[in-house]
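Each of the next two complexes has subunit A plus one more chain, namely subunit B in the first and subunit C in the second.
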Partner chain A sequence: MTIPKNVKNGLLHLLILALGALMLYPVLWLISSSFKPTTMIFTDKNLWPSSFTLEHYKSGWSGLRNIQFGNFFVNSIMLCVIAVFGVVLSSSMAAFAFARIDFPLKKLWFALMLGTIMLPGHVTLIPQYIIFHELDWVDTFLPLTVPKFFAEAFYVFLIVQFIRGIPKELDESAKIDGAGWFMLFFRIILPLCTPALVTAAIFTFLGTWDDFFGQLIYLSDIKKFTVPLGLRLFLDSSGNSNWGAVFAMSVLSIVPSLLIFFAGQRYFTQGIATSGLKG
Partner chain B sequence: MLRKKPLFAALATCALLLSACGNANDSKSGSGAASPSASAKASEKPSNVELRMAWWGSQERHDKTLAAIELFEKQNPNIKITAEYSGMDGYFDKLNTQIAAGNAPDLIQMGGNIMEYVGRNALLDLQPYVGNAIRLEDFDQSLINEATADGKLYGVTLGVSQTALLFNATMFNKAGVPVPNGESWTFDDFKNSALQISEKLGKGFYGSYDLSSDNASFTTYLAAHGKELYRSGELKFDKQDVVNWFSMWDELRQAGAIVPAEVQVANPPDAVDKSLIVKGQVAIQGASASQIFGYQALTEDQLGLLPNPAGPAGNGMSPPVSGQFITSYEGTKYPEEVAKFMDFMVNDPEAAVILGSTRGVPPSAKIRDALSAESTPVDKILYDYISLATKISTGNGYEHFPYDNEFIKLLKLTSEKIAFGAASIDSASEEFMTEMQKMLARANQ
Partner chain C sequence: MGKYKTYLAGYAFLLPWLIGFFALTLGPIIASLYLSFTKYDLLTSPEWIGTKNYVSMFTDDYRLKDSIWVTMKYVFLSVPVRLSFALAIAMLLNQGLRLLNLYRTIYYIPSLLGGSVAISVLWKQVFDKEGVFNQGLAMVGIEGPAWISSPSYAIYSLIGLSVWQFGSVMIIFLAGLKQIPTELYEAATVDGAGKVRQFAKITMPLLTPVLFFNLTITLIQSFQTFTKAFIISGGSGGPINSTLLYSLYLYIKGFTFLDMGYASAMAWVLLFIIAIITGLLFLSSRYWVFYSDGGK
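Take a look at the complex of A and B:
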């Protein structure tokens, strides 16, 4: 006896749906809790709230003294845009150099650059802080943005792998037509690298959007706070946390990440697959 | 086409310029006088003083503290205070980084870990300001001692707290069990209440959490029976006390009056969001008194506070302790203004009204009396409790066991072994004593 193909497919999809629902449960719980009155968040087990309130969204958005949660979104988005621009531009330039240009000690520099990936962040934290403090950059956005313009090793590696997959003949024909390094980079290589660049952009965006510790260390003025810092404002160790506001603002804070991810998803998988295979 | 080369060159040079950046901040507060380490800019009467103040807390605390700062700035127009506040997450990581870089705030809120920072010479000695800028006459001596090391004061208590039994009054009412009188209740009363509540309310409801694992309850029990956990290098109890303690809880466990082990592990009482007292399924748990705000906010049931039950030697509780301190960074340029603000936080009646009990009950008795007129119902429960606890505490003072964290873990482990039936009370108590003796030997070496 054979099982018809569409039944088999249906069963498979049912299984996948069930697993998906299981994974989604915490997110659904978060969304549902953000609409429940505070006294019911931890006592009412139903996902569908029996009494519905928008209070948490109001108190989370404008309940803070002297500041609105919207400011945190503006700051976070600004940081993310600068970080994405800086990382994509500088990393792709470095990657192009490593992949296409011959210069002395190229292998050594490449190894050193990869070495920075292995260095744990905790080791460099305090020296870095001291440098930025001496520059008088603490409590500004500079420590969080300027380093992004010095390329990040992981993305350089990713893009190098991708560029190596682009036929050299293209470079040569461009050179014959009189293109210099910059023309070659901006006109030929960069457009062909789009999937890798989008991957780097998405990773950078998500990394910056979710970064808590770096932003905590360098930003102190509440007017400069970002979303991760803003969310923590509602939490207190002694049990006086405003859970409702935390949940409501958390729901809002995942929206940009989701939008970016869905918008770039096609390139995202392509970028990983192509650069990974050639590695 | 963009030419990036000049920009890169500029940035690279800039990075190379950052080599010399150690902090030469070596002043020690050894000379008795205040020794602000920082630059010579600090003059006698600075016209424009900028202070930075860091604290962690909830939104309510942020709002109230900011309002108090505004009031202070109005009274002292030459001083401006920049607030640096955050949640608890990462607060000390950030502080450690700032201290390492010599860039810590002038005013720092501290918790029970104040001595760790005293040991690192990170905090300013406040002793020169006591009696003039900082008035502590209305403070209980024990609160001052907590922030004192080698005769020097390093912090001013912002709020007082005390261990307590948190109870769900609505459950007592539902079960028709009278709420005990905290001043006189005994371990027998406690057992009876727990048994009656679980009996009347039926399956899934319990009179109390299993507090046999709770170190505060255990040490109070010992003191209530004329013993002590530890004093001057010796254990002041014996195996029989441990057996009695666990037997009392086992009796309640067999009768179904306390939370079974597997339920307790999944719903620990100290996690506000998981506590079954909030869900109205357990009537009594241990807590720090000021935590009542957090628990009450999550439930419509009426909560209350009780002292630990009394034994033959009285109640056995220690006097209230300090919850949080305001301290100052050792490298501050303006120690006098810092001292002035500290005094303002704890002794100014207007500030007290603004701050309320957002950092625990105000430490000054005078301020507490002034406040009780305008307090909320939960405030009143807390104030009344602190006053009661101060009155009935035997005042002997609790001496921390040298390996306090390990003792707490050991007690919990022993309690769970018995509760899960993995060891008999006798053998578990025997093992508990052996381990305690081992730690003691290690500490006395």
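Take a look at the complex of A and C:
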């Protein structure tokens, strides 16, 4: 009461910033260390390096066992692009059926779909692995891409909610104009759903980029390794001798997530609030 | 358009999901239940052994006992602390401040990156004996232990990493706080209610649905944590099983020892544990979750 409002607000900003700096410190330390000469990484306590070097980026990028780190990036990006395309297309199709078309057993399927959202992946893990093993798909990208074309319940739900907000009169007038269901879906509903689709795309990208577990069990040939697998191999084989390069590649590995985040920031709150995803 | 044509269109659009549901979810669920009663190593055909996997889980698998204990410790320490941080910072941010977007971004970044291998790699360094965390402790005169390599402290580095990622939960709390009408607080102030009383009588009750959501989601996720434990322990769950989270042990059983029947049984026990805990949460919600529209 005795403290003036603007002083109080100033202190609040200060507190929030100080706590925020503390939160970000490990990441800033990582970035700073990746630019420090090896001898200084654990001795120079300053966040701003007193001498810069790109040595770690060079030696890290040259990779290991004759595979450049860039290879891992190409593989990861390819997986992410296919996953985004598959998830967005198949999930929006299912969502359109649930939100706009009447057909028998719709309620049952919808309830079953919602039920799968909470299901821990462990229960399906082993048989899925066996299926892909029988198909001879292990150590190919197929187990990591094909399932993405069968819709993901989270995003179906997200897009259903969104389609329900689109006035049904649009459907009616499109039908009067002679548009069939496919026309209606591709020409009218999909374009209007863009915010929900972008949200689904962003979270699918991030989820696939960091999907260490799936990539770990399905990929074993280093040529097919993704960024998380490459990083782990790098840590195991050169960790204690070459921390600088490990840090440098770690920094590069988080750049795509940061870029996507800053580009699509306004879609985030919605996505997080709907799915409780990430972390 | 004819009725059957409409039905056909509905199923046509649903087809991808239906295939996935039967081939990759329902089928595998049934298969894993069957496999959990067998001995199966992927190379020879499954051999029915009855409840032997389940019996041995609870009698002679001491590593599993360690794993369950470590997982419980991880879940029941990290979830409450993570939610408390998230709520505290959300309330701090929810004061009509300028720069809210910037602040939200800062606090969300750890959640954005926290699941990556890169951050787990970093964490291994941060919590090293000579790491950044101990350097920070040293500044206030505390000598920290070797977190990662000590069996009694290693789990706390994982808990710390989980708590550090409170940003996504915070964003949901923040959205919930914004829903509470400011008139309620104004009226309470007029009536002479202090900040603490306002928190207990207005904020908390109106926030319980969001709290319930966050609690359920975070609990379910925490039981399934894998990457952190794998990277920080180098895939072993060590030292002395101290970071052997349930998912990691399941992976070791299934994919290192190729004991897929046993791993399936473990998956079903995990499902059972999660179902009981969420079931209890849902049952208890009648007594503490307050829906202002009467639960509609």
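Quick notes on this structure:
In this section, the second predicted complex is superposed on the first by the 236 of 279 C-alpha atoms of A that agree within 3 Å, B and C clash if a C-alpha of one lies under 4 Å from a C-alpha of the other, contacts with A are read in each partner's own complex, and residues count from 1 in each chain.
Rule of thumb we're sticking to: contacts are C-beta pairs under 8 Å (C-beta built on N, C-alpha and C of every residue); 3 or more make two chains touch, one makes a residue touch a chain.
Keep in mind that what you see is a predicted model, and the values were worked out from it rather than measured.
Partners subunit B and subunit C, once the complexes are superposed on subunit A, run into each other and clash.
When the two complexes are overlaid on their common chain A, residue A:Phe72 makes contact with neither subunit B nor subunit C. By the touch criterion defined above, A:Phe154 reaches neither subunit B nor subunit C.
By the document's definition of touching, of the two partners only subunit B reaches A:Thr38; subunit C does not. By the touch criterion stated above, A:Phe213 is placed in contact with subunit B and with subunit C alike. Applying the stated contact rule after C-alpha superposition, one finds that A:Gly121 touches subunit C and leaves subunit B untouched. In the superposed model, A:Phe162 lies in contact with neither subunit B nor subunit C. By the document's definition of touching, of the two partners only subunit B reaches A:Ala245; subunit C does not.
Of the two partners, subunit B and subunit C, it is C that touches more residues of subunit A. When the two structures are aligned on the shared chain, A:His133 is found in touch with subunit B and with subunit C. In the superposition on chain A, no contact is made by A:Phe203 with either subunit B or subunit C. Of all the stretches 40-48, 94-102 or 238-246 given for subunit B, the clashing one with respect to subunit C is 94-102. Overlap of the subunit B and subunit C interfaces on subunit A: residues 42, 93, 125-126, 129-131, 133, 149-150, 212-213, 216-217, 232, 235-236, 243. Every residue of subunit C that touches subunit A in the complex is listed here, in rising order: 1, 6-7, 9-14, 16-21, 23-25, 27-29, 31-32, 35, 42, 89, 92-93, 95, 97, 99, 101, 103, 105-119, 121-126, 130, 132, 135, 164-165, 167-169, 171-172, 175, 213-214, 217-218, 220-221, 223-224, 226-227, 230-231, 234, 247, 250-251, 254-255, 260, 263-264, 266-268, 270-271, 274, 278.
Subunit B contributes residues 1, 3-4, 11, 15, 18, 21-23, 52, 54, 56-63, 66-67, 82-90, 93-94, 97-98, 100-103, 272-274, 278-280, 288, 290-291, 293-295, 297-300, 323 to its touches with subunit A in the complex.
Per the touch definition, subunit A reaches subunit C in the complex via residues 9, 12-13, 15-17, 19-20, 23-27, 29-30, 42, 45, 90-91, 93-94, 96-98, 101-104, 106, 109, 112-113, 116, 118-131, 133, 147, 149-151, 156, 175, 180-181, 185, 206, 209-210, 212-213, 216-217, 227-228, 231-232, 235-236, 243, 246-247, 249-251, 253-254, 257-258, 261, 265, 268-269, 272-273, 276-279. Of all the residues in subunit A, the ones that touch subunit B in their complex are 38-39, 41-43, 63-66, 93, 125-126, 129-131, 133-135, 138, 146, 149-150, 182-183, 186, 212-213, 216-217, 220-222, 229, 232-243, 245.
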